[in-house]
Structure formats: structure tokens, C-alpha cells
Amino acid sequence: MSTRRVAILGGGNIADKNHIPALRQLAERVEVVAVCSRDLSKARTLADKHGIPHAFANTADLYAQARPDVVVICTPNLLHYSQTMEALANNCHVFCEKPPAITAQQAQEMADLAERSNLMLGYNFQLRQSAEFALLRRCQADGLLGDIYHIKAHFLRRRGIPGWGYFTDKAMQGGGALIDLGVHVLDLALCALGYPSPNQVVGNTYDFIGKAGGKGLLGQWNPQTFEVDDAAVAYLKFPNKASIMLSASFALNMEAEKDRNLDFFGTKGGVRLFPFSLHTELAGELADIRFPHLEEIDIQLKNTAAFLDACDGLPSSVCTGRQGAILQRIIERIYQSAEE
Amino acid sequence: MSTRRVAILGGGNIADKNHIPALRQLAERVEVVAVCSRDLSKARTLADKHGIPHAFANTADLYAQARPDVVVICTPNLLHYSQTMEALANNCHVFCEKPPAITAQQAQEMADLAERSNLMLGYNFQLRQSAEFALLRRCQADGLLGDIYHIKAHFLRRRGIPGWGYFTDKAMQGGGALIDLGVHVLDLALCALGYPSPNQVVGNTYDFIGKAGGKGLLGQWNPQTFEVDDAAVAYLKFPNKASIMLSASFALNMEAEKDRNLDFFGTKGGVRLFPFSLHTELAGELADIRFPHLEEIDIQLKNTAAFLDACDGLPSSVCTGRQGAILQRIIERIYQSAEE
Amino acid sequence: MSTRRVAILGGGNIADKNHIPALRQLAERVEVVAVCSRDLSKARTLADKHGIPHAFANTADLYAQARPDVVVICTPNLLHYSQTMEALANNCHVFCEKPPAITAQQAQEMADLAERSNLMLGYNFQLRQSAEFALLRRCQADGLLGDIYHIKAHFLRRRGIPGWGYFTDKAMQGGGALIDLGVHVLDLALCALGYPSPNQVVGNTYDFIGKAGGKGLLGQWNPQTFEVDDAAVAYLKFPNKASIMLSASFALNMEAEKDRNLDFFGTKGGVRLFPFSLHTELAGELADIRFPHLEEIDIQLKNTAAFLDACDGLPSSVCTGRQGAILQRIIERIYQSAEE
Amino acid sequence: MSTRRVAILGGGNIADKNHIPALRQLAERVEVVAVCSRDLSKARTLADKHGIPHAFANTADLYAQARPDVVVICTPNLLHYSQTMEALANNCHVFCEKPPAITAQQAQEMADLAERSNLMLGYNFQLRQSAEFALLRRCQADGLLGDIYHIKAHFLRRRGIPGWGYFTDKAMQGGGALIDLGVHVLDLALCALGYPSPNQVVGNTYDFIGKAGGKGLLGQWNPQTFEVDDAAVAYLKFPNKASIMLSASFALNMEAEKDRNLDFFGTKGGVRLFPFSLHTELAGELADIRFPHLEEIDIQLKNTAAFLDACDGLPSSVCTGRQGAILQRIIERIYQSAEE
Amino acid sequence: MSTRRVAILGGGNIADKNHIPALRQLAERVEVVAVCSRDLSKARTLADKHGIPHAFANTADLYAQARPDVVVICTPNLLHYSQTMEALANNCHVFCEKPPAITAQQAQEMADLAERSNLMLGYNFQLRQSAEFALLRRCQADGLLGDIYHIKAHFLRRRGIPGWGYFTDKAMQGGGALIDLGVHVLDLALCALGYPSPNQVVGNTYDFIGKAGGKGLLGQWNPQTFEVDDAAVAYLKFPNKASIMLSASFALNMEAEKDRNLDFFGTKGGVRLFPFSLHTELAGELADIRFPHLEEIDIQLKNTAAFLDACDGLPSSVCTGRQGAILQRIIERIYQSAEE
Amino acid sequence: MSTRRVAILGGGNIADKNHIPALRQLAERVEVVAVCSRDLSKARTLADKHGIPHAFANTADLYAQARPDVVVICTPNLLHYSQTMEALANNCHVFCEKPPAITAQQAQEMADLAERSNLMLGYNFQLRQSAEFALLRRCQADGLLGDIYHIKAHFLRRRGIPGWGYFTDKAMQGGGALIDLGVHVLDLALCALGYPSPNQVVGNTYDFIGKAGGKGLLGQWNPQTFEVDDAAVAYLKFPNKASIMLSASFALNMEAEKDRNLDFFGTKGGVRLFPFSLHTELAGELADIRFPHLEEIDIQLKNTAAFLDACDGLPSSVCTGRQGAILQRIIERIYQSAEE
């Protein structure tokens, strides 16, 4: 099989540090042929740094000249929708950064078009490839958990409002802590449940600290221009009675600098994901099981490979367009609930 | 002021170990004059043990002969309503065990009658008197937290389904983990918010482990007769946008044998209750504050005293009939939501 | 079934603190009818203290007058043989303190006579009843360990030569650390292997510290009269290739004051006994399993009950006369090997 | 004194990473003149990397052309014997990797020929040069331990069967965990006792896990071709009553990933080697002594220098041919005992 | 030898809990014949409780009627001088609570009169009898420390101003933290140096917290009546160049609730007293030595026995009148220095 | 403003690793124009390494040819005085390494001349710029400590006598541990008090270990040529009753390898500097406050910048000539007191 031709949209950090290095390690399967950024000098610098032949300032030229098979979208959230639709229209598979889009409607259209076009649309939720989540899935498969009926998922930072980029700009990002951090753990929780659609979604969002200002631990944000949620909480109910408690924050008055974790409660066993531990009964006694030798994994490399597997029609653990649409709908419902 | 005459309804552990010893330490304010239990021998044994003059098998005799001013209700949940109404009708102040009742309607009637009768109705949520919650209230008063906008409250046991009593009997108790354990932390959470009524309540209840059976850590329960929730989760939204995430369990596949805690997130500071720590900014830096010398408190004694203060018209931190009605309504709405 | 009549031989600590309290908790199954000690006043004091009707200074009177069904032997090791033989001859079941005897020949005769007489002979190795060893046996039964092929067993004290009793008197005890401490862990190791006879036994014994003197942590011993092994090590090979490494000490220049443990290495899993942990593979990963809620057990009570079960012909985990003979033969071979 | 001319046999890791760097740091005493490997390109690559003038594909050419004074043997165990004999015949001192050889007879011949030839034969047991073992020897010299009478020595891995090289090939290696890992700690134990020959050696070897397969922590081994011991245990008795308990494993169901240690028990004090601690009596009390500032040592550099000292007739702590023969004889007896 | 007749002056806690129980355990050497307290009922109660034959309200009657050989003084500091002088005049040995007196002049007179009268005057500094200080003295004797040239001694409390007794009353006590707590560690420091007189004494005292008020951890003191030092620091130089840094506090803004320790720095080794550790060089390396099995000691019993030894003319480690005079002079000089 | 021209005196480590890198990071404010060292080749090497245009062997040439505005003095203590005086005479601001000089008289003259010349003289006490000390100052400013009345300051090493340089040479250094290490913490202590002059200074110095020899942890020193204090202790009293306890050591028989800390005791709160913690009362309870996110600071860079601020007439936290004179006077008084 010949290698696929990959084009990168966006010239920022996530392209430079995550996607391009992963793609280059997969040189037997893909060739990165072009970088595209509105700021052409940025595109060129990146291309030169990684030995990529072409750099473009607009996608029209890109599709015309570089004829990619695959497009990797590393631009601000606002652009995910239009760029994905265009890429699909140009007959490319799409590997898009999270979150899928700004609105549920967009994510739905993206999934629909990909399916109609018989093209792969995947989202880059790399935590799925972590050793811990992979082990959770194996434990589920081996029946060690029974049925999962409740999940607590949180991704909290104490003062982690980023002091750079668009993170506090509502138009560009579509939201704050929920859409940037919360989506990661929500994706895992949904995945463990089989990605069902909830029948009930309620939640709240807050912005007290973001708007008041304070000591920044990820650079210093500007409270004057802070427009998004610095914290969000939500509760999801599913048709089979399962439920998820979700919380996410950029800023919260808590002790830990960062606290990201999930607890999965099943009928036979429960799992705390980080560090992984399994709690069940064994030999008639309550047992706590630890796995001391989980391997460190390059989760970006593994997720990119999983996306390529999906393009090849192989079984894959990558987040699909369909799943992304379900996720985006939930995010939207949480934000709506917060407005009620 | 002469001492009040107190009668005890119920001859079980909670009367013997909690209420009577507390009342006896308050001998300057109260005299315990009678114990009443359907099982007269139980009543008599208890009365003899504690030097209480009278024992009765029914409340009619009790009111006729012992003429109490105060009634302390230590009977199964099912009886709280009728016994409180009767006590109020007999012109007694009432100090009732938690939860207030089985239904919201009952709790409402109880509060209404008490108010109409100008009598005190108090519920025995002793955690309010803990050094930690008292300090939280002082920190709130000193402005160290700003406004609290989110609270996580949980009271979880891994395998703590009691192997005795009525705890798994739905008719007698009205429910399981939620109504027995969850109420404690819910009361504290509501208290910290000023005891508002939520505009939205959703939740779920589960009984997988209770019905399947397993290793009991509080005696061995019988899965055949298990009728209640072994776990419950809920989400509450309030008119001012504040929210509470609540969870309670008798049985859950988790690591800790017992995990009871509350996190209060405020605009200026946050508090984890057990052990108490305060997280805020000070001198331009993020600061974690601990209070290493909190006193051990006899919380039953203090709560009984607080109830008596309320009877005397003094300021009091005891849970009132009005608050109990709000609380009971929330419990009912969670159980209803779980059925949807 | 009527209760059995039990007589106690020996008026020392082990009768007073271990056996008699256990027997009295089993009052539905046994009645302690007599205590016998060469020092009649000791016997009488003990009998009075525990409400036992008779006290004797010799066994002849005991058998003649008290007509016991069961004899519990709590005398120095030297007397185990003759008193057991006499008891069996008087048609009594025998529950004898460890070690079985002084020589292998004695233990063999004791087992033979018991079997010929259809009487139960049991030895009091209580560690068999510990929650940890019971769980090991259940794990074995559930196949969690596969086949055990190597065991490390040690019972070591840094300066624990007892400063009282006969512990350093070779004639009375038959040896030192090996026969007093080593037997406990050796019994567990053999039990886990199915109590096979080894085809090879080698070992050494030492008495350097015992004879040189030093700081005593269990009272102060007298180096002048020290006659036994203060340390012993041995290696056992079994026909199925399994092996045991055994070590025991009263005194050894090590850090811990006391170190008693066993490691069981099986084809599928391994167990460290104290605190219990199981090491295996699960879901394709190396897994460490802990059981955080093992119950505290009154191991003497449970072992006495197990002995009575055996008397009743029920399945029992008590050490039998046959096993005791195998154990004693190993002890003898270790001492012999040490002399070579 | 002019520098010695050194030739390296073997072009693998141990030559590249250990021996050649050490020899180059000793440039005042030695000059590395040649590398020899059956695979000439490997030899050449290594020579070029380290600036060594000559590379050979066979030893005949090596001796003819490079005329070395010293030969360092870094080839598989199977070749140690023939290459050492040839080197000695060519009038070279020999510094040979451990273990000495495959059979005791070989090691004996090697030692005999070296002595007859007045040439130094040394084995590379570098742990002798560790700060801990050096301190043990000083403590022995200062009389802090008295006489050592028992040693526990183990070198255990949980799942450390190497997934590369000849480690599981019986013909090339002569054995598994015992001959590869066990020899290291056995050498230290024998050294501390003065390198006596034992009068009794018994032991067992196992291969259950190696043949069954499992999760590999040092690469993934192939159970199909696994031919050696994955675990070995042994017991050694010496004429002066001292004893050694030895165990080694590539794979064992234990908690630690790796556990390598020795305990030395002496009449006055005892030492645990890693981390070093000394347990004795001081000022009439039991005392534990730690040495918090032991230096990190380049043990290969120090052992190579010690070998060169021996070549120069200076006092040296390197393992000699004579000691290697004793060690090899013990290894052989353990493997024989395991077959009985 | 017949037992000595002991009289107790003072009816407070220290008599009841410390001295009388210790004396009663020494019944072979002493008989407690009388208690004397200005408050006769207190004296009588104490006498009855401990089976002491006589109780007096004044010392005149005591000496006339009870004819004691030994007087133990457990009264407020202010009375130590006059009661000691009177007791010596009545031909009694005196065992006096610490501190010796209020002024240096008093302590000097007390020592002089005792010596002139050939009577023993001892002070109750019990820490001298602690296992740790006794071990320090043995280590000194064994030469493990060389010569001690600097000592840091401190006895600090965070908020330990006693809420009862005379502790904050300058006239009755003579001072605060220094004279109540500091004397204990100063006595040990001086003892380790051979009880020399310093050639220079400087220091300061403070009372900021004591006078400002705050949270009391030993009851609640009254800042209105607080007259003494809540903290004191001092520096002592001795003719041989040795020096002591001393600090003591009832109240200080520090983390620990209580911190009492001494560091002894010697030419060969140094000791931290609690928990005892010795830091020196051994076998050419820096060594840290711990003594894990120091016995718990009843230091009051041992100090009372030491005092009786001194009365009997035996070697004794009790603090003598002569030493007490040196100590008191230092205390006075510190207070004077603080006024400069 | 044009950049200042900076010349470096001294070609050692402190110039190479500390001052020049800091100055180069401040390229907008300064240009390093010359290095001067008696050893011209050293000066040239340093200049080349850092791209500095000129190198000189004497200061006369330096001033004549390089015409600096600022001189940074990185030479041995003995030269600080003469080089500073010369630099001031040449109209240069001076940034001098600590300690200021050898004698108090020198430091006084240096300060006087600088003031008369309207030039800045600063000393390089970089710990002032540590996050911890800066936070202490902010806490003082916010009133969290009240008034500080006692400080314990120590900078102790167990065996840290440097094995290189002039550290043990009295003529070149002016002293040992006190003048090299003690000055750092003394400067901080004085700074926190407002840099008052003490009315009383007493102290001692020792050299037992330095002269006896031992294991060196910072290279191996030579006891034969050891001339300075290996330990020093001192006590300082100030007119406002505040006091400082100071200790410093190159070598002391203690457990820690290095122990450098300060405790500040104030009327409202106390601070331990490393790691920073604040102990006070809050909400009526004793509170311990930690600041978990203090930034790592390049303290040399910040102190150099502070010196430049001072040259520019801006507020600055650098140690001034006036403060240096006070400090040097205290050091001298301690050394004098030690001689008494």
C-alpha cells in the first residue's frame, strides 16, 4: 500500500509538538506533504523545521497543489467545522483536534458528510490511548467490572486559566473549561458506557475567578477579557439508568494544582483511573488490585495510528465523527442548562 | 428557670447511647422523666439503667401521666411523622431523629403545626456541631470564602450495608443510603448556602450490590430482603446559580471503607471539610491554610444543647422544622427523579 | 450431643491465658472438669480462677476421679510424649501443645497409638487459623496460585531469647529457636504443600549470641546456662521438586525486633503472608492484590474449635498426629544435619 | 613502566559500554590495541567508535598481528574457556567476564594454566567494588561484625527474563538465573567468608514461568525456546559451620520488580548490604548504624583497575582464577543437586 | 537499715501524681508519714487517698508530731527557700521541686546550710533519669562524643501558657517560661558539661503574646493578669570556651505545639537527644547511629530513688544543692540581662 | 538611557558562573566591557568565553583603557577593600561580593567614600531575592507578623569545609564559617529587623574538627593548614529588645549534610523561611499557612538587577554599603567576643 499524503491545517504548538512528530514516526504509513496557515511565514517555518515540502497560506491552494489524502486540523475550535467540511468535500479523511466544533449542529453535519462520503472523520482524544484507559477496557472485556452504572469524571485546575492563545475568547473557543478540559474526561466516560446519548443533561457554569483575576499558574490571564466558563459542573442520565457526574475547571479554590481523574463504578468492580486501581471481591474478600508495571505510552503516536487504522478500515479505538456529534450535543446541552 | 421535663420515644441504641447521655449532662436544663417503647421491658431496662423514673408502652399513658414539656423521638423513620404530630398536639417541643419523615408532605405538616403551635421542632443533624463545620461558618462570616457557588458532598461506604435493624426495609425507612447517610451531608451543604430550595433536582438510585450480596463490613446483610437504594447520586441547582453534587452509598466498589466529605467552592476561598483546609490567595500568593488544633467536640451534647437554646428562644444552630421540610422535599424529588 | 469433659495438664501461662479461656468460650461443646499440675497449689489456683471443679497433682488421680474425654497438654516439651501416651491409653482425645515431642520416634508412636485407638490427636499450631493463612488456602483452592514450588519461611527475633521458663534448657525443650519458633512457620509451609515428607533435609544451628550474652528484649537471659540453638537455618527438598528455605532465631544481628513471615511462590501467583498480598498476572498485566478488610481472629479459639471438630469427625484444619510426626522428623533431621 | 597492550574479544554491549570506556580512562596504564569479533564489521565499528587501531575476525590473526599483553573476554559464556586457554597460551593476562565458564572442570583448568604460566586470570565481578561491599570489608577488618556465620544472598527479578541475547539458551549460557544473576551475590558471600569450598551443596531449579510465558519487563521472551532455570535456590554448608542461603530468579511471582541484597550475620554485628546498615550493640544498647554519605563509585573502572593491580603483583580485590574455579564448582553442584 | 520517715509539703497535683506514688513504690526504703498543706482539708484528702497516717496545716506541728527524716517540698516556688531552710534546721534531708528558689542568694544559702548540716538537698529534675540522657552520659563516658563544646537547648510551646495555677504570677513563681520550662533543659546542658559556672550570660525575655491574649492549648490564660516571660532566650559562655544557646517559651508563633530538645556537639560526635541519635565517623565514613530499643522509664521513680541514694551516701545522679545554686544564679543573670 | 559599561575584577568561578551570565541577561541595561585578573590568561579566557572585548592584568590599565561606569568585584575577601576604594576613586559604582571586607573599619570607609562620592556601593547577598525572603517582606508589610522580636538564623554544614580555594586561609578570608556562610543568614535577619546596630554581641568560634581532619563532603580539606573557625555561634541584642541567635559551621557533628534556615518570631505571626510557612491565629484558631506555588527565581539575576536599580536611584532591595558596614562590624565583634 502506498503511503497517504497528509496536510496539516494550523501552524501552532499542537501541530508542531504533537501531530507532526507523531506522523513522522509513522513514515511507513504517511507522508506529510504540506502545512497551511493563514500566516504563511508560520507555515513555512514549521515546514522547514520538519522537512515538509510545501507551505500554504490558504486551503484552496493547498488542495489544488498538494492533493492530500488526509487532513489534520489543528486550528482554533471555530474553524473545525468549515475546514472539516471543506476537507471532506476535497475527498480527504479528516483527523480533527478536539472539541469537534462549536455547536451540536455543526458536529452533526460533519459526521453526516463523512459517512455519506465514505471518509473517516476522527477526533484527537488521546487519553483513550493511555495505558490506564486501555486497561480499563480490557478489564471490562474480561468481566472484572460487571456493568458500569455510575461514573465520576473531573478535570480541575486551581489557577490554570491559560495566559496565552484563545482559551478565554468565547467566539473562537465556544466556551472555557468545559469545552477545553471537560471534553477529555467526558469522552472517556461515554466510551466506557458504549457512547449512549443521555436522556437528561443538567449543569452550571461559573466565571467568578476568571473575571476577578488572581495568581496565574499557566501564565497570567487578563480578567478584563475573560469571557468563558472558569468552572462547569454537569449531571447526565442515560436510558439504562447509568449516570455521569462531570466537573471541569480552569480555576477553582481547591488544594491540588491539577486534578484529573475518573471513577467507574460497576456491579462487580470499580476502577479509579489515575493511578489505576481496581476494587472488587476475590476469594470471598474485598480486594484492591494494582498494576505496578503499566507502560508509559506515547498517546499521540498511538492515537494517530489508531486514526490511520480507521482510515484503513481496521478496528480502531479512535473517536469517530458519530461519537463526536454525541459529545458535542452534550456539551451544548450543558451550556444551555447553565443558562436556564 | 425550672428544668424542662423530657420524654424519650424509642428504646434503641440511639436513645441509649446518644440522647439520654447528652440530656443527663445537661441536668441543669432538663430532667428526663420517661421512656416509652412498644416493648415495655425495653423501656423499663433503659429507664432503670439511666435512673429515669417512668417507663411506658404507649404514648397515651406517657402524655397522661408523665406530662413532658419536651419529647425526643428516637424511633424508626416511619413513626417520626405521627409521633411528632401527637407530641406537638400535646404541647411538647420535639427533638426528632433524622431524617424528618418519609414524605415531603409529612415534613411540611410537621413544620406547619410546630409553627402554628409556637413550639420548637428540631432535627438531630449533629454534624452541624462538628468543629469543622463550625469553623467553616466562622470563615464564611469573616469573608474568607466569598460566596459559595458549588458544593460536592458525599457520604460513601464500600460495603457498609448494616446487617441489623430496619436499614434495608423500605417501608420502615423510606429509602436506603440517601435517606440514611446522604441527608447528613446534604443538610450541611444546604446550611452553608442559607438553606434555599433548589429549582432543579435530578438523580439516580441503584441497588445492584445490595441485591447481589457480598462481604459485609457492618454485619452481614441479607440480599433477599434488600429493598432500598445502596447508592444514590443527585444534582441540585439553586435560583442563584449555586449547585450541589451529592452522592451517598451503603455499598460501592471503591477503595476506602468509608469516605465522607464536603468541598465548598467560594469566590474567594474553598474549603475541604475533613480534615479542614482552606485554599485561597494571601499576600499575592496561593495559600493553603490548616488549623492544627481544632478541638474534639461531643457533637450530640452540643446539638442537644442547641435544640434547648432554640426552645428557649435563643439563637441556635439546630436544624429547624422548616429546614427539615426543605430537606425532605429534596430527598423526595431525588427519589422521584430516579424513577423517571 | 452431650458436652465433652476436658482436663488440663499443666498449670502455666499457656493453660491460663490460651487454652482455658478458649474452652470456656466453647461451653456448649466442652466442660473443663480438672486441672493437673505437679504443683497442686498452682493447679488449685488455676481451677479456682476459672471455676473448674477439680485440681490434681498427678494424672493417676485425674483419670481415676475426673474421667475426662479430652486432655489438653500444656506442659514442657519433655512431657508431651509420656502424657499423650497415657491419655490415649485412658481413652482420651488429646490436644497437645507444639512441638509434638522431643524425638521423631516419640511423635511417630504418639500418632500410631492415636490411630490404633481411634482417638484424635491434635497439635496446637494456631497460626493455621489466622485470617492470612485461611485466605492463602482459599486462594490455592480457587487456583489463584497454581502449584506452589518454593517457600521461604522465617521466624526471627533480634534479641528475643526468653529470660524466663525452660526456653534455653535443652533437656526440657529439645532445642531452641528451631523447635520453639521455627516449627510454627514450618507447619504452615508444609500444610500449603500438602504435608509431604522431604527427601532431603540439611541445616545448621548456631549459639554464638546466646552463649556470649547481650541486651535481652524479652527479659534478660543467662548466657552461662544457655544450651540451645539461638539460630537455625535449613533447606528442604521434596519429591515433587518443591523446596523450603527455613530460618528461625532467638537472637540474630538484624534490624527488626521480630520478623515472621512466609513467601509462597506458585506457578500462577505468589503470596507474602504478613500482611497478605498476592502477586500475579491479570488482564495481561502484572497485578498486586491486597485484601484490606481481613478480620482479626481469635486464633486460639478457632484452633480449639477445629480440634473439637476433628474429635467429632468433621472436616478440620487442626494439625493431626500424623502431620506432627512428619514435622518432628524434619526437626530431628535438621538438628542431625547441623551436627554433621 | 610502559603501558600494557589490551585486546578485546567480543563486540557486544558489555565491551562497548563497560570495558572499553573503563580501559580508556586508565590510559596511563593500558592501551587498547584491538577488537576481535567473529562479525568483523561489528569489530570494526567498535574500534572506530573508540579510536582503537585494529579490528580482527579471528583470534589467530589477533595474536599474530596485534601482540597483546592483556586479553579482555566479553563473549558468550560458552567461549570463555577456549578463549582464556588460548590467551594464556599466547602469554596474555586474561580479564574474563562472569561466569568463569560452563563447567567446573573448565574453570579449574583455566586457573591451573594461569598459575602455571605465571599469568593473571581475573573475573569481572564488579559488585566487589561497590561502596557497600568495600565498607563491609572495612567493617570486618575493624572487628565490627565478629565472625560471619550465616549469609542470605538473593538476586531476584519478577519478570526479568531478557528478551534478547543468549540468556535463555542453555548451550551458550550454561544455565539461567543462577549462572547469570546468582553468581554475582554468591561471589560476594564467598568473598566475605574468605572463599572457602563448601562441604555440602543442595539446591533446586525451576522453569515454570519461563516455559509458560507472561508479561516481560526486560523485553518479551519466547517461552517456546526457553531452556534454562528461571529460578534457583541453594543451600551451602562450610567446614567451619558457616552457611549460605542463595536464591536467584529471572521470573518469580513476587512484588518487587527486582530485589538484590545480602544479609551478613556475624557474632558481633550484622549487615544488610543495600542500602548499607549495620546492626550491633553499642554503649550497652542495641544500635543501628547508617552511613549516609557513601560515594557513588564507577565499579567497572574500579574493577578493571583492580585487575591491572593484580597483573602488577599489587594487592587486589579482583576475583582470581582460583576463586572462579571454586565458584564454578559450586554452581555446577547446585545444578547437579537440582537434577537429583 | 530502717526506712526513712518522709513528710510531704504541699497538697497539689505534683505531690499527688508524682512524688507520693514514687515514694510508695519505694516502700522498702521510705515510709510517707505526713502531708502538710495550709489547706488542711486538702492535706487530709491526700493523706486518706494514699493511706498516709498524718495531715497537718502547718509545719510547726508537722515537725513536732511527725518527726520526719526527709521532707519533700511540692509547694509554689516562692516557698521553696523558707521551707527548705526550716526543714534543714529540723535535721531533715530535703527533696525540693524545681526551680530551687526565686533568687540566686536563696539557692546559695540553701546549699550552704545543707552542706554545713551534713544533710542532703536534692532538686527534682527528672529528665536526668530519662533513657536518653542516661545514654548520653554513657556515650560520653565511652568517649563517643569527645569533648562537648556547644549545646543548643530549647523547651518551646506554641500556646502553652497554663490556664491554671500560679504560672503567670511573678511573685509566686519568680518568672515564666524560663524558670518553669527552661530550667529543665538548662540543667541537662550544664550536667553534660560538668556543671561549670559561665563567665558570661546574656539574654532577653518577652511577653507580647501573653499580654495580648490568644487561643490557649493548656487551658485559657488571662492576659490581664499575665506578669511573666512568655519567651526567653539566652547565651552562656564558659571558661573552657564551651557555650550554650537556650530558649524557652510558653507562647511563640511556631508550628509545633511543643518542641523540647537538646543538641550536644562534641569533638568526636554529636547527639540529638529526642529521639536519641548519634552522629560521628566510623570505619572512615560519616555514620548515624540510632538505638531502637531504649526502655521507657518511670523517671520520677528513678529520680526519687536517686535522691535516696544520695541521702545514703551512694553515688547518685540527682541534682544537688550546689548544682541548684549554680543553676539559679544563671537564671537570675538571664533575667538581669533581659532588663539591661 | 545608554547602557552602563561594566568591568569585572577577578577571573574565578563566581565571575564566570554567577555575575557575567546575569549581566549578559541584562544586556539592555549594561555592557560588560572588560575582565581583570592578576593572571592575564585567566582574564582572557573568561573574556573570550563570554564575548567580552577586553582583558587586563591590572586595574590601572583597566580604568585607563576600558573606562567602566560599574565595577563588579569577585576577588578574595582580602582585596574587597582596596579594589572598592580604587573603583570609587575612579568614579565607578561598585557591586562587591560578600563579605564586605576583612575589618569593620574597612567596610566603614568603603561606605563613607561611596556616599561622599554619590556612587552606589552594593553587596551581593542574593538570598534577599529568594521567593521566600521576598514573601516574608510582603507578609511583614501586610501586617501578618506584627513586630518581629526574635530570630534564629543558622547555616550549618556537617562536613562541608571546602577542599579548594582560600576558604581555610585566615589572611585571605578573614575567617571561616562565620564570614563565609553566617553572613548570608545574618544579612537576612538584620534586613527583617530594619538593619539596626546591636547594643550587645557575644559569641564563640571553634576549630576542633577542622584541625583534627575527617571525611570531607566538599572535597577533602587539609587539617594541617586549617586556620579558621569551623563553627561559630553568636547572640545579638538590639536596642528595641529584639534578639538574634546565629550559628554557622563548615563542620559540626550533626545529622543533616546541610541545614540553612531562619525562624522569625513576631507578635502576630511567625515564619520559618525554608520551606516557607507562616504560623498565626485566624478565625479564632491557630493556623498554619503554606504557599505551594512560590516561583523558582534566578536570585543572582534579580540581585544584579536590584543593584542596577539602586544605581539608577530607584527603590532597591540590594544590600547597601551602609548596611554592609553594620554587618561587618557585627562579624568583627563576634570574632572579638570569641577571643575574650
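Residue numbering begins at 1 within each chain, and the chains themselves are lettered A, B, C, D, E and F in the order written.
The definition used in the following text is that a residue touches a chain if its C-beta (ideal position, glycine included) is under 8 Å from a C-beta of that chain, and two chains touch if they have at least 3 such contacts.
Because the structure is predicted, anything quoted here is derived from the model rather than measured.
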| item | value |
| --- | --- |
| Chain labels contacting chain A and also chain C | B, D |
| Both-way neighbours, i.e. chains that touch chain B and touch chain A | C, F |
| Required steps from chain C to chain F (each step between touching chains, minimum) | 2 |
| Angle of the C-alpha superposing rotation, chain A to chain F, to the nearest 5 degrees | 120 |
| Equivalent interface positions on chain C and chain D, same or different at half | same |
| Far-end chain from chain E, centres as C-alpha averages | A |
| Centre-to-centre distance between chain D and chain B (centres being mean Cα positions), rounded to whole Å | 70 |
| CA centroid of chain D to CA centroid of chain E, Å | 62 |
| Geometric centre distance via CA averages, chain E-chain B, whole Å | 52 |
| Multi-partner residues of chain F (each touching 2 or more other chains) | 159, 215, 217, 255, 284-286, 288, 292-293 |
| Which pairs of chains touch, using the document's own definition | A-B, A-C, A-D, A-F, B-C, B-E, B-F, C-D, C-E, D-E, D-F, E-F |
| Chain D contact footprint on chain A (complex, rising order) | 292-293 |
| Chain B residues within the chain F interface of the complex | 135, 138-139, 142, 144, 282-294 |
| Chain A residues within the chain F interface of the complex | 159, 215, 217, 255, 257 |
| Residues on chain D engaged by chain C in the complex (per definition of touch) | 145-147, 149-150, 152, 158-159, 200, 202-204, 206, 208-209, 212, 214-215, 217, 231, 233-235, 237, 241, 243, 245, 247, 252-255, 263, 265-270, 272, 277, 279-281, 284-286, 288, 340 |
